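Heads up, there are several structures right after this.
Next come two complexes built around chain A: one with chain B, the other with chain C.
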Partner chain A sequence: MSAAPSARRTEGPTLTQKLRARGLDGVTLLVLPCVVVAVALFVYPFLYGLWLSFHPKAGGDALTNYERFFSDPFLSKTIWTTLRLALPVTLLNLLIAVPIAFRVRLMKHQRLLTTILVLPITLGTVLIAEGMLFYFGPQGWFTRSLMWLGVLSHPLHIVHGYWGVFLSLVIAIFPFTFLLTLSYVTGIDPSLEQAAATLGASPAARFREVYLPLLLPGLAITFCLSFVQAFSVLPSAVLVGDPANTTRVISIAAYQAAFEEYDYSLASAIAMIMGAVQLVVVVVILGGRTLLYRGPVAAAKG
Partner chain B sequence: MTVAPTKFETLRLEGVSRDFGTFNALKNLDLTIRRGEFVALLGPSGCGKTTALNCIAGLLDVTGGRIMLDDARIDTLRPEERGFGMVFQNYALFPHMNVRRNVGFGLKMRGVPKPEIDRRVDEVLATVRLTSQADKLPGQLSGGQQQRVAIARAIVIAPPLVLMDEPLSNLDAKLRLEMRGEIRRIHQSLGSTTIYVTHDQEEALSLADRIVVIREGVIRQVGTPAELFGAPAHLDVADFMGFRNRVPGRVIGRDGDFVTLDVGDGARLVGKPRDGVDDGAAAIAMARPDDLVPIDAATGIPAEIETIEYRGREYHGLARTAAGLEVFFSSPTALARGAKIRLGADPDRVLVYPEEPR
Partner chain C sequence: MFAARTPLSTRLWVAGVWLFVAFFVVNLFGLIGSVLTSSFATRWLGTWLPAGFTTKWYFAAWDEFQLGDVLWVTFQVVGSVVALSGLVGVPAAYALARREFPAKKAVMLLLLLPLLVPPVTYGIPLATVLYKSGLGGSLAGVILANLVPTVPFVVLVMIPFIEQIDPRIEAAARVFGASTPKVFVYVLVPILLPGVLAALLLVLVRTIAMFELTFLVAGPGSQTLVVALYYAVFAAGVRAVQSIDAMAVIYMITTLVWLIIALRFVNPTQIVARAKRSNT
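This part shows the complex of A and B:
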């Protein structure tokens, strides 16, 4: 034993030490279960779907499914239908979440309000849709109250249409958008706003010059995550929407191909297109984000 | 936008109070600050000094009293309407703006034309010696540089009043001394009225024209550094000014400007009495560790040394009297732990206060 230390000194660091210097140690192994799960539940199905989409059910050219999707307006316009829902819903949620987050940040009973605002996340889209059918339906409280007040002369058709799905998505995704936004807003040091105020900045200028530039990178991430959720809408588009027409979103097309036509190959192609559209939007947003300031949002390192 | 006047003769706090629920952070504060003065608000943490500064800046509303800038009432104005420059404890630099934009922010908000902004920013950056760092982000600067950016940002708008909230507390000891000199230099070259919050008496003594000692939301004493250092008006101010030794006793004699205290064990302390010290009454003698030294006289306070440490020029020690009182003393020579000594002080350096109800 007595000779070991001197011998080691001449050999330099051991293999374990070298690996550790590169960030590889026992703890790194804990990532393995995640890799297994990711491969089994995401990578394999994705690659299998990609492969399947190039092998049309009826045989023929590898791109047949894609050609069919883009040449058949009944299929291809689902992209537009979905974007028409998902983009405004995501934007609206962000626009509501930011001011509420600013207000909640200053509140004493922050946890109570946050809990209330987050409650819809626990309900799930189906329960929300059911509630909306009762509340916003032709005989629901909403319509009846407005008619009783004389605002409306005939029942309003909110559910079973675009606005039904729109509302249900806003309700279902808002908590998620809000929580993310709140964490970004509270991360910004309030003394920055105070400093701006003492330097003569009006509340609007403080938001524009200080908060917004520091928030935008976070809001871009929030937008992407919320958008992806809204884009994959299925239950509410069927339950409170008009799934044959105005809310025939892309996931319905995929569902019908898979379980009504039993054409898994076409369904896979649609799923791939769906993923590609999401990816394009996310890449555009994140690309824009790289142009922004993305450093620390604290006042200083002190 | 009504902006407070850019020149003024006096800033007056008239009975300013601030409550947080049932907690009174500031109680009926009266204070007048004249143009060009450097005033330090000094007190232990939680004493209300930062609250007072925030009330002046407009970041906190007062819950009582008013703040007057000459004849204009300013406590009703929002911070952006007051136009005071403020340096925050954590500097509060905008992390996404480079030094130049940080410094120019106040001018931009005032609608100053771009060429003039550039000119004034260049000027002030030269003043704080940061010209070479103009294009860096705050995150790329050292603590001392960030601090100077914060000062530059506050003074570039030529504010009638500069407010500083413990601006040196995040710096290491060496840098703190350096920046202290820098702040004094900038104040002397600009002559801007400055209110400076600190808990560090040394900082206050070296920087301020006048020091306001605040404790538990109440002003305890206002005076020049020399007045506060030499003759604190109250026990707690004396304590804060470095009179760490607090020796209770009884007044047994008076001789001209001095009184003699019997402090027990046959020991005597002679010192200058403050108002309200009566013959025969209980009183408290206060002395700085520097002034309490081992003496040969039989009237010295007997104590046993508990710890002793080397401080370069001399030794500082802690001793305990027979009554269990801790006394801090200094000694030109090394003494052994456990040694029995007698301590005494020059009567000029001992202050005697009446016993206060605490």
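This part shows the complex of A and C:
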């Protein structure tokens, strides 16, 4: 490797050889550009934001922003508003995705159904919001069909409220949850289930005793990754929600602080609180995961 | 397979699951269909179907929202993000897959964090830094912001791809005297190409749809299609709703084409684990 000083061939291993023995050679250096990008564009701004959040725009105590956030119910309530949307959406998506993934796993031609179920990824939250305003609106096909069938006597008030955001998030995030779940479900060796079936276990018991323990660690990761997406619900909360009140999520509060009040310090503080809440949920879920079975799921030898 | 002795409860459960899938798909198509129909409608108020059909909204949307410019910006942003995250991510994934070195755990954590923290959380400090350095609102700023989640994504998708390639193939090339760049160009690139292509196509779809980061960083001249669409819906009422829908349809088609191409290369069920299909 050219970065090392000149090699002394006669006496002992050279610096290059010593470094190589520890796994540091030219190939390892390939990781550097990536680390530089991550540090410059993620770590540095993050630390800068943390620093900025302790330096309030109007001056004063370092914790002013945080005190303001937690003492002002208009701001602090956004944590609850966000969790009240993100947690049920993520859970519901997992509960829908698991049974469907189990069915799709058995299909011969999965591709078409998978493509249809993944379709909402291409829509993006903005198009889903726009579509929901139409479809679930008072003159939309959904309302019309239900009224025509006699299920409803008057239009439902789905859009411009909690349920509008809830549904649009379920639709937008489902493909992602489903793909990950399907990937974990198909990764489990089917012979494990066949063995249980041979021993006379009912389908419910096979799911409970064989699949669920193997699947839970993967589901925990799926939960975390889906939760991240549900947690930063900016567009749908504004477009199909009630952004001044029931769906004023924490990202709206952060956005308004930054780009409407131009108080980057408060905005950074809100962003940091948002990150902290998110990390607490991830740590709780992944921490619970260590209590579960962790081991090979693909092949059981022995 | 063994339908004859499947108990009733199981059959009811299976039927219930399929019924739910059907319900989901019908409503999904209804939702997309509403936007699609509206974008071709002349006038659509309080009826099942619009009074007439026209394609004029597409031309209207193209002029009103300067879609030509927006698409060109989107193309530049997505192209640069895909190329840069490939150039930075694939070599890093190779190093992480092949070498054990002291700080490897720390590097992996550094790459996982951007995927575990919501974009708005790091997007706001990042936007602040970019505006301070004069890059905020510019095309370069949008590209840089979009690299934050895509580079780790490429690395984490590529590591398993590279790990499954037998290192003896590279060793053989080295025995015959190939240097590291030559091994890369003549041995690794051809083997890795399917994996790289798959990862980059997913990056492409993600970047077209990435709303939060672009929204926080973009200025008037650097909006991608999804951000322009958001502003159009947000400021609805000024413009005809049909031209917004026409724009939404253009957006959907742009992502849909790439997603279908991506799904041809990537088996979606094998993202985290190699599936084992039994033929019994």
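In this text, the second predicted complex is superposed on the first by the 275 of 302 C-alpha atoms of A that agree within 3 Å, B and C clash if a C-alpha of one lies under 4 Å from a C-alpha of the other, contacts with A are read in each partner's own complex, and residues count from 1 in each chain.
Here, contacts are C-beta pairs under 8 Å (C-beta built on N, C-alpha and C of every residue); 3 or more make two chains touch, one makes a residue touch a chain.
Because the structure is a prediction, the values reported are computed rather than measured.
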Side-by-side fit of chain B and chain C on chain A, or clash: fit
Touched partner set for A:P33, first chain B, second chain C, both or neither: second
Which superposed partner A:G161 touches (first chain B, second chain C, both, neither): neither
First (chain B), second (chain C), both or neither touched by A:L234: second
Which of chain B and chain C A:Q194 touches, first, second, both or neither: both
Touched chain A residues, chain B compared with chain C: C
Which of chain B and chain C A:F42 touches, first, second, both or neither: second
Which superposed partner A:P88 touches (first chain B, second chain C, both, neither): neither
Minimum C-alpha separation between chain B and chain C after superposing on chain A, in Å: 5
Chain B/chain C common contact set on chain A: 189, 191, 194, 202, 297-299
Parts of chain B lying in touch with chain A, wherever the complex brings them together: 1, 3, 57-59, 78-80, 82-86, 88, 90-96, 105-106, 109-110, 137-139, 143, 146, 153-154, 157, 163, 170
Chain C-touching residues of chain A, taken from the complex the two chains share: 22-31, 33-35, 37-39, 41-46, 48-50, 52, 96, 99-100, 102-103, 110-111, 113-132, 134-135, 139-142, 144, 171, 174, 179-180, 182-184, 186-187, 189-191, 194, 202-203, 218, 224-225, 228-229, 231-232, 234-235, 238-239, 251, 254-255, 258, 264, 267-268, 270-272, 274-275, 278-279, 282, 297-299
Residue numbers on chain C that touch chain A, as the complex places them: 7, 10, 13-14, 17-18, 20-21, 24-25, 27-28, 30-35, 38, 45-46, 48, 87-89, 91-92, 94-96, 98-102, 104, 107, 110-111, 113-129, 144-145, 147-148, 151-152, 155, 180, 205, 209, 211-212, 215-216, 226, 229-230, 233-234, 244-245, 248, 251-252, 255-256, 259-260, 263, 268-278, 280
Parts of chain A lying in touch with chain B, wherever the complex brings them together: 189, 191-192, 194-202, 205, 209-210, 213-214, 293, 295-302
